[in-house]
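Next come the structures, one after another.
Note that subunit A is present in both complexes that follow, paired respectively with subunit B and with subunit C.
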Partner chain A sequence: MGRKKTIIGQPVIRPDALAKVQGRARYIGDLFLERKNCLVGRALFAPCSHARLLRVDTSAAEALPGVVTVMTAKDLPGLNAYGAAAPDKPVLADGIIRYQGDPVAFVAAVDRQTADRAVALIRAEYEPLEPQLDPRENLRPGAPLIHENHPISRGSNVSSKWRVERGDAAAALAQSDIVLENDFETQMADHAYLETENCLAEPDEIEGGIHLIAPGHSAHLNCRSLAAAFGLPHSKVHVTTPIVGGSFGGKEDSNLEVAVMAGVLALKTGRPVFCEYTREESLRNSGKRHATRSHRKLGATKDGILTALEADIVVDKGAYRSIDPIPQRMSMYGGGVYRIPNAKVEARSVFTHHVYGCAFRGLGVPQAMFSIECQMDDLARRLGMDPVELRLKNLLREGDSIITGQVMRADRGLGLEKCIREVCGRIGWDRPVEQSGDPNIRRGRGIAAIMYGSGTGYPDDGAHCFVNLQMDGSLMVGIGTAELGQGGLAAMTQIAAETLGISCSMVNVNYSDNHASPETGATVASRSTVFVGNAIVRGCTILKERMLGCAGKLLEETPENLEIEDGIISVRGNEEKSVPLRQVVRAAYMSQVPLTAVGDWYPPLNRPDPVNGQDDRMHTYTFGAQAVEVSVDIGTGVYTLDRSVAAFDIGRVINPLCAEGQVEGGVTQGIGYAMMENFELKNGIAVSDTYHSYLIPTSMDLPSLETILVEAPNELGPYGAKGVGEPPVTAAAPAIRNALLDAIGIPFYSLPITPMKVLAALKAREREEA
Partner chain B sequence: MATAFYLPKTVKEACALLGEWGERVVITNGGTDIVIEIGKGRLVPEANVCIRNIEELHAIRQEGEFLSIGGAATFDEMLASPLVKAFPGMIEAAGVIGSPAIRAMGTLAGNICTAAPAPDGCTMAMGLDARVVLRSAAGERTVPLSEMLLGRGKTARRGDELLTQILLPLSKTACAYQRLARRQAQDIAKVMVGASLETCGGVITAAAVALGAVNAVPCRAPSVEEMLVGKPAAEGLEAVRDFFPPEAKLRPSPFREYKQQVLPTLLFRTLEQAAERGGGR
Partner chain C sequence: MREVHFILNGRPVSVTADENELLVDTIRGRFGLCGTKEGCRAGDCGTCTVLLEGTAVRSCLLLTCSVEGRHITTIEGLGDRDHIHPIQQAFIDAGAVQCGFCTPGMVLTAKALLDRNPHPGEREIRVALSGNLCRCTGYEKIIKAVQLASQRMDPTPETE
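The block that comes next holds the complex of A and B.
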């Protein structure tokens, strides 16, 4: 035998694909259109970034026909605070405005027009206060507190901090032949999902409580984050998440703003309420990728061996804590994919009156990889060494450790070097870049290498699922994982089908419903395929063993000699002797064998080291490399990305179509981050509040993206898988920056690198040379 | 308050409606600019006259010394017209406006009448020394495009007038259009140049140069035109190399320095391309 068909690694078409491309998939906005008697909720937001709210007069709005209720902070049913990580964001502003997205009043009315008119009739008075917009200033002793009484950061403007220290960085730098000292700056960026934040909230008239139909990364997390604001126990907050129109991390908590509004309005009115941000509101109010500043020193010997790293990192947290492992991630990944024996990295995220920073695909790692990978190219240039040669010289190999002390293991998948060699081979790294015949064009090539752990790295990072055999031999799987467009449903279906031994069409995944699934952990941190996939493997293995046991009795064989394929249990080597799974399920039920199980999986426990950051944060890491070629017009600063080759070692590939889609999507977002995306604010007020002013790349800005999937299996992953969602976003920016360095000899240290920045640098060099 | 909506089928009918409503009406076709303004509540018209269904206004045809582009012709209709292909610069300008959806709906007439700072089609048309025909119930007048734009959102068109034709001189097919933006599509350009040259025996006899995105509305650059006319093409081009035209009065903005640095380059390149197309270089 050994010819068993495998579903793993097959390009199974995603279950959601056809309905989406044919327009039949129903998003939450579609559900609203189908509802009768559903109210529409809208909010009045503060017109400034920092103020004292003096009074709110809602009488004219309340008097408007069609308005059902108007709420201010005094009308709330529960705690006037919520948040994914800490309850620090008011449901409705009460006293202080901390950013321009703080809502002052909610309105529910019979339709959108009436609700908008009512919002315009609300009179709010503010005493303007000076906004504190520079995180470095807010770190100074005596700086006024953004939160007088923050639930976590009492008495400080620091939202979170982390440090990694090993060896003696100062001494090692003092003895290094070369020390590079640079300041890096990265910008805020918007997620640019097609579907803006929304929620349909319905009071539960039978059991009490509320049902929220809302996008998000975890129905359980939505419930936990909001229950206190509703004054309800978790069991009475039912959250379901149908397919989501894109999120990229943003809706993990940005959507809570809209969900809490819909929820309190539904509880107050006793009627279903739909709330949805306009695009402008979404851009102004919802969380962004964190803007950061890093001061870094990287030391090396004259032979190009890295000796030490020192870094001081300040993150603009904005007004609320939201999701904030940014200092932790920027510290642990500060040394990139290299052996650096001495390191001291300190990072702090600091409150300001800007829009808050939230989870965004990559979670601090794009910022970290940008700085180390730029410095690697600067170092190669200083040494007159090929950038790839320098990387290979210092590259993590089995037994080497990153600056957190964690040792890299081949059995967890270590395809880093292979990724670099694959992209170099494909792009032709050993051949010089072909130059253009146009005297205005300079061409260049650049590379970057990255790593990215699967999972959150916190002790509570585990997954559970329900697996529920049906009488016909089909299987229901209950998980909290959300289908955000990433292809999670396809991967989970394949893993369940493969493990149990049935076809994909016999599996139904009940996703993101906190009443129909156990705690799965959020669909974040590039963890779902690995963590939830493992839980499904465990659950299905339990069921399979039970069914093989029953089948053994029916076939009078020992279960060890049986196998299941396509829903048929047969004797290995004697396929004639078989029984359909559905018959076995019935027999099992008659014999009091349970048909349902809970699968669960936790990675090896990591105990974070808050003193020196010396811990084994993630059980496995995804590795990758990206090489690009650019053409720069030195007359205008305009440059084009001519080629992009990306290789990612994601362990065993579950579904190559979905995996390639994730890589292409991530690479595209990384390209936008490098070349143009920039969420701009002035005095804390968003300048970029439309896609006219906030640019993301169009297909015209992209070359045909070349993707290579490298498979270095993770012994702890389901069938060897590792995470794929986030790593692809992290390499593009340094690769493009390094290609520009190669093309025009100018190093950039801040993002995005716009044509304006390129031309200004070329002109500045001209002036210097003159 | 409801907005009256009209969908006239003839120019005469449309002019009668404009005469009736005067300044209280907006003329729409694709609505690619105006619908945004209405949606945001910045524009609250009492009446909306949509000229999309006026068949005669979609015509693109030769009229004596001119190519006439109808006041309702979309960019897509222009791009599909063999007559417009004689003006490669206009094809370039029409082809980069917005997105395929915008080009299917938007028109050159609208691009002119909106009087925005950075309109691609309008800038190229000005660089072709185009004229526009304005019709009202009382009659018709022809205005040089360079006199049509009075300021941001302001044109010489009276409320009762309809722009029925844009006239491009057939002598100006040696033309080019270049723009610089922050991405390859769907971005308003930061600098734009449309230019045409006429030559006789290798000597430039006429030049029309228009600049966009450097003032409140596109403008002609007579300083450049004067430097070119009367010179052999190569010499004329050398004369304007690195020249910053004083007609560009840059306002403070995050892009001011960039515009300052790049306008001479773009101007030179556009003229060089126009000269090549005229066989002058």
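The block that comes next holds the complex of A and C.
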């Protein structure tokens, strides 16, 4: 009686763990090794960031024994354009080079060595053109267009723009006791997943299409983005995504570069083709976290009550549109987690001849949170107020609204204040930071608080899944989202098992296959657990009701009195009276009751307001806070992160082991973004093209990461869940910056804050004081 | 071309290899042992880690011809479906696996460490793992897994 065991919230071991620790998990590069007669595709890339491509001579490459085909723009099977959001990226450069990752020719050969040799034999001639690298210059009237005829941004270098306006920011700033005016700058960063972009493409000789085995965030999106380039209808482009060696947003779009190459080569040769980026190609060509510049004014009363925000944000889009809600996200989150009655934020992303910006865990929010959370600490200093006290004074509480006018609701999960109180309690905020005995070492403590919505916020953000009961009472689930490492497979399995009432071992989730799943939406925007989880709940509930109806007839009971646990349907309160689910499934089939259903879920419809950005973008928000301690060596500028305590309110936790892993991994990427990661370019050409010139955190760069999961349930989430993937990346940079401010009294306004930057600031202050 | 003989996961093997053939290519391409991953081909990431006479090395920095007569252990040599090595079990139980691409290299680096020092402190574990990049976990649960494996493999550390 009511003692039903729950699988939700249990640290269920993820189904892929054993194969991964034993080296038996097959990634796409491994599938290639196991295939016979598979060709290898390679590309010649432009050596510059902007040029006119004059001619390409492939004759020597074609003559090399072992080369099967060489392709240039004239040899393509379909449209010479593709892209996740707009078809603006050429499959092969035709006339103009817009960044150094534009491919000029593709080669397919019997093996990698031959393909590389053939690429070296291709002669391409270019007329160098001046690269336009500053987005602010490219905004000026009369600036030459990066795209003469862009499918969306015709006649303009603006890729996308957004604005949020409420109240009267200018008037409120004029009346504010304090106005902080700052310029913030954030850098490009690379995803640096350990498995580079790759794809295995096989022509389908029976039905005349193509099968792409490719990483990505959505099998359906991969198909939609590429079908026209193959000259095929969507139904003939079969995409499957086996396990992926990390993505963090990058392979949603950047992997298309490799998939389109493998696909056109497979269609041309009629043979399977494998393509894979080298680490250098991955770093040079693939999309980055967008570099941004924000000019901001934040107003407050002398008591520390925020009055107004004005911001003008320019985003370096790079050469192609890719995924670009960055201006929208940076605007809507411009005021952070605070009540700000007056706001005017304008943001534009602008084409340049840099590598393009794409989705990267956080999607514009790390940049936004850095700027508001730095200003909150600056304001606290100006007022002589404790940074936590200032935050609590202005914090969003139930009924308050963010600058988009969206009202925060406790029933959707509002654990913001609890996150702040938890990290403060754990790190000992009320006690002063313990100083080192070494006079060269200065210690400091900092905090930041964030919010992050689940879902894309666009009207088409819905999820569907197939749920398919088998004759033995087991369940197959078909979804189009991917297992990128985050543990989605475990969470989806738990949700299906819990809802239907069977054990996890009886559930098989068929993930990332566009031919075996309906449109699921992508594995992005911290939406999978909530959106796809809800679709699975809906689908399994339909099946459960049908099976309980059939079981009622078998047991001569009303279905309302029945329950399923572990695959046994029994009468509540009389467990002796029961029937196994597998018997009910057979009986259902014999009685013409369908065994398959589609589960679907859409959040409450948001109608984006393109004029003033006043809309209810996300149905629920994840909240968080992170507090850190640093030690700075004032002689060298070298500083260490001594402690990191992070609390995130992710709603009801489905799997604590996976959820903690998401928080720890996200926090670490945030720490890398703050302290070291910097994708450097010179004249549009990548300087950071290896793991020794693009540094990411190692085990030696981190303290033990302390994680607190706060659970404020979302009434619309599956079992109360909210999103977890992205929020943890957004708080580290401002928390570290604020700890440095506390330690040495110097405010930084740009990322990353490297030891060189710290040392230069210390020296500059010494000179000023002298 | 040269004929090279070595011991791979306990078995004597031989291959005819080019002088410049990398061990990672021999292991993956010729023996089909795909558990050894390749992340950078430049010695930076540690993804291709194997054990050479019990020491963790990067197989993208070793020439196949240089391992003549030596013992090489890959992840496939540590355990199989029916014999899960305690370090592998600890990685599973601690939740140390996400995308899994660094995992075989991490497990082998941990093996080399624990063979050398059955009870390493947290700092020693961090030092030992510092040549293996992981982009998913923040290393937190990997370090916990090594500690867990250490306790399980030798529950009674000698007191000094």
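Throughout what follows, the second predicted complex is superposed on the first by the 770 of 770 C-alpha atoms of A that agree within 3 Å, B and C clash if a C-alpha of one lies under 4 Å from a C-alpha of the other, contacts with A are read in each partner's own complex, and residues count from 1 in each chain.
By definition in this document, contacts are C-beta pairs under 8 Å (C-beta built on N, C-alpha and C of every residue); 3 or more make two chains touch, one makes a residue touch a chain.
Computed from a predicted structure; not experimentally measured.
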>> A:692 in the overlay: touching subunit B, subunit C, both, or neither? Say first, second, both or neither.
In response: both
>> Quick one: is A:756 in contact with subunit B, with subunit C, with both, or with neither? Answer first, second, both or neither.
In response: first
>> Just checking: does A:185 make contact with subunit B only, subunit C only, both, or neither of them? Give me first, second, both or neither.
In response: neither
> Now for A:246: first (subunit B), second (subunit C), both, or neither, which partner does it touch?
Replying inline: second
> What's your read, subunit B or subunit C touching more residues of subunit A?
Replying inline: C
>> In the overlaid three-chain picture, which partner chain does A:14 touch, first (subunit B) or second (subunit C), both, or neither?
In response: second
>> I'd like to know which partner A:700 touches here: subunit B for first, subunit C for second, both or neither.
In response: both
>> Tell me the contact category for A:177 with respect to subunit B and subunit C: first, second, both or neither.
In response: neither
>> Contacts for A:513 in the overlay, against subunit B (first) and subunit C (second): which applies, first, second, both or neither?
In response: neither
> Is A:24 touching the first partner subunit B, the second partner subunit C, both, or neither of them?
Replying inline: second
>> After overlaying the two complexes on chain A, where does the subunit B footprint on subunit A coincide with the subunit C footprint?
In response: 692, 697-698, 700
> In their complex, what parts of subunit A are in touch with subunit C?
Replying inline: 11, 13-14, 16-27, 29-30, 33-34, 191-196, 243-248, 278-279, 484-487, 657-658, 660-661, 664-665, 667-669, 690-692, 696-700, 702, 704-705, 707
>> Using the touch definition from the top, list the residues of subunit A that touch subunit B in their complex.
In response: 635-638, 640, 675-676, 692, 695, 697-698, 700-701, 754-756, 759-760, 763
> Can you name the residues of subunit C that touch subunit A in the complex?
Replying inline: 28-29, 32-42, 44-45, 47, 74-76, 78-81, 84, 88, 91-93, 95, 97-104, 107, 122, 125-127, 129-143
> Inside the complex, what are the residues of subunit B that reach subunit A?
Replying inline: 180, 182-188, 254-255, 257-258, 261-262, 265-266, 269
